[in-house]
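Paired with subunit B in one complex and with subunit C in the other, subunit A is shared by the two complexes that follow.
Moving on, here comes the complex of A and B:
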């Protein structure tokens, strides 16, 4: 598997981890505060492991990949870049992303690269709990007009998380028709704003050991 | 030359940084110990990838090997070889004694919400199985929150992985 593909997944997990952590302290209930904070921690842990694999191939370090690239060099999908939204959109993104990630992980588990397949299997064990949480909420909100609108609005972005050949499977699982995807070749302005915040401390003293 | 048994004994003295009643050996995260002349190679499998205690555990293992007069090499194995099924019977008892319900065995299929919600997890305080799921997530990635309807005590459940 090439390093750029690993970086796409790592960037998705890192950026989503940051976005999920935006609920820490202000989620609609204490239990959801705990849940989104814990999910954020898992996603950033996955990003770290993926960056380490990519870093070994590229002769660099996980931290340099996570924080020292220019925002335009990130390969994250636009689904994960969007700043904390209302609860309906948050759950819609969570449900769409976790469903897409399940399809992506199933393919990675079959990789002929043993390190990639092994890591994907471990990530998938943890993601099972994210999926349970996402589906529980999607089930609870499924008849709410605001939730349905949020799903439709984010749907083209969700398709962009996956490679073109994996999108039909996502459409089938989510029950929405395939449409033009928002590809990961461009970025929203919100990524730049997040990058400024995310790398601020590291950029303040380049090369420091923390 | 240090023996592998001596290394295992030394590693058994390292407490888990977040649940100090259980050792790294009880937790089952040490996959292999190989001694070659004066160097000791440890294969270590993290519990959860986002666990902030990883570095602390790795440094503690290296330190124990140095105390035995050998040169450590701690290799972190990031695959699916660790599971909560690797927690030793002693480890499970220690978890229970300190207020954590030990994990259910890893099932063949993926866990379902119904399964997690209705499984007869025993309250570590009063032993009742009348307990229910409060939150799939908890204060650390490896824990869920449950509540005992008999003794009205919330408690933490080790997630099955």
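Moving on, here comes the complex of A and C:
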């Protein structure tokens, strides 16, 4: 597996973790606040582990990969970079992402690269709780018009999380027809804003160690 | 709905009340309890119980002041000493 592919997944996890953490303190209930914040933290933990693998291949460090690249160099999918939406959209994204991620992780677990396969297996053990959480919410909201609209709106972005050959599996699991995907080759302005905020501390004293 | 959460710190230990979570269904309650009482490896198992399913007992009548039913109503130490003396098994302490 090449470092660029690892970076795509790492960037997805970092950016989604960041976006999900925007609900900390304002989620629909205290319990959900704790649960969703915890999921966000897990995603960032996965990002770190993936960046470390990529960094070893690229001769750099996880922090440099996470924070020192230009926003246009991030390989994250456009599904994860969208700024805090309402809860219906957040759950729609969460459900779509976790379902896609399950397909992606299953493939990674079969990787010839033992380090990648091993990490994928570890991540999957945490992700199964994310999937439980996502499915539980999706099941609860499934008849809500706002949730259905959000799913349809985000669907082309969700397809863009996966490689083209994996998309049919996602369509089958989610029960929506395959359509033109929003690919990883571009970013919205929202990623730039997120990057400004996310890298603010690190840029304030370049080269500092923490 | 309120669910009471009990957690077990290590295998074989007694479950102790950890706190409660508010959740719409048992499934949500389990997920919330897992995050609040399990994600730092502080528990090996949880019991998540709807508050209404708990049968609380709070009244304990003792109208006749039967102190002999209570630990503090019965001086075991003196009685034990007497019994040991009778049996010839008294120990010097």
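We take it that the second predicted complex is superposed on the first by the 210 of 210 C-alpha atoms of A that agree within 3 Å, B and C clash if a C-alpha of one lies under 4 Å from a C-alpha of the other, contacts with A are read in each partner's own complex, and residues count from 1 in each chain.
Rule of thumb we're sticking to: a contact is a pair of C-beta atoms (placed from the backbone, for glycine too) under 8 Å apart; a residue touches a chain by one contact, two chains touch by 3 or more.
Worth saying up front: this structure is predicted, and the values here are computed from it rather than measured.
Undergrad: Report the partner of subunit A that touches more of its residues: subunit B or subunit C.
TA: Partner touching more subunit A residues in the overlay: B.
Undergrad: Go through the superposed model and pick first if A:122 touches only subunit B, second if only subunit C, both, or neither.
TA: In the superposed model, A:122 contacts subunit B only, not subunit C.
Undergrad: Please indicate which partner A:140 is in contact with in the superposed arrangement: first for subunit B, second for subunit C, both, or neither.
TA: It touches subunit C, and subunit B stays clear.
Undergrad: With the two structures laid over each other on chain A, which partner does A:132 touch: subunit B (first), subunit C (second), both, or neither?
TA: Both partners, subunit B and subunit C.
Undergrad: Which holds for A:44: it touches subunit B only (first), subunit C only (second), both, or neither?
TA: The answer is first: A:44 touches subunit B but not subunit C.
Undergrad: Which partner does A:31 reach: the first (subunit B), the second (subunit C), both, or neither?
TA: In the superposition, A:31 touches subunit B and subunit C alike.
Undergrad: Go through subunit A and flag every residue that touches subunit B in one model and subunit C in the other.
TA: In the superposed arrangement, which is not itself an observed complex, subunit A uses residues 31, 34-35, 38, 129, 132-133, 136 for both subunit B and subunit C.
Undergrad: Quick one: in the complex, what on subunit A touches subunit C?
TA: 29-32, 34-35, 38, 129, 132-133, 136, 140
Undergrad: Which part of subunit B faces subunit A closely enough to touch in the complex?
TA: Spelled out, the residues of subunit B in touch with subunit A are 48-52, 77-83, 110-113, 116, 134-141, 145, 159, 161.
Undergrad: List the residues on subunit C that touch subunit A in their complex, please.
TA: 21-25, 27-28, 31-32, 34-36, 39
Undergrad: Please give the residue numbers of subunit A that touch subunit B in the complex, ascending.
TA: Per the touch definition, subunit A meets subunit B at residues 31, 34-35, 37-39, 41-46, 48-49, 52, 115, 118-119, 121-123, 125-126, 128-129, 132-133, 135-136.
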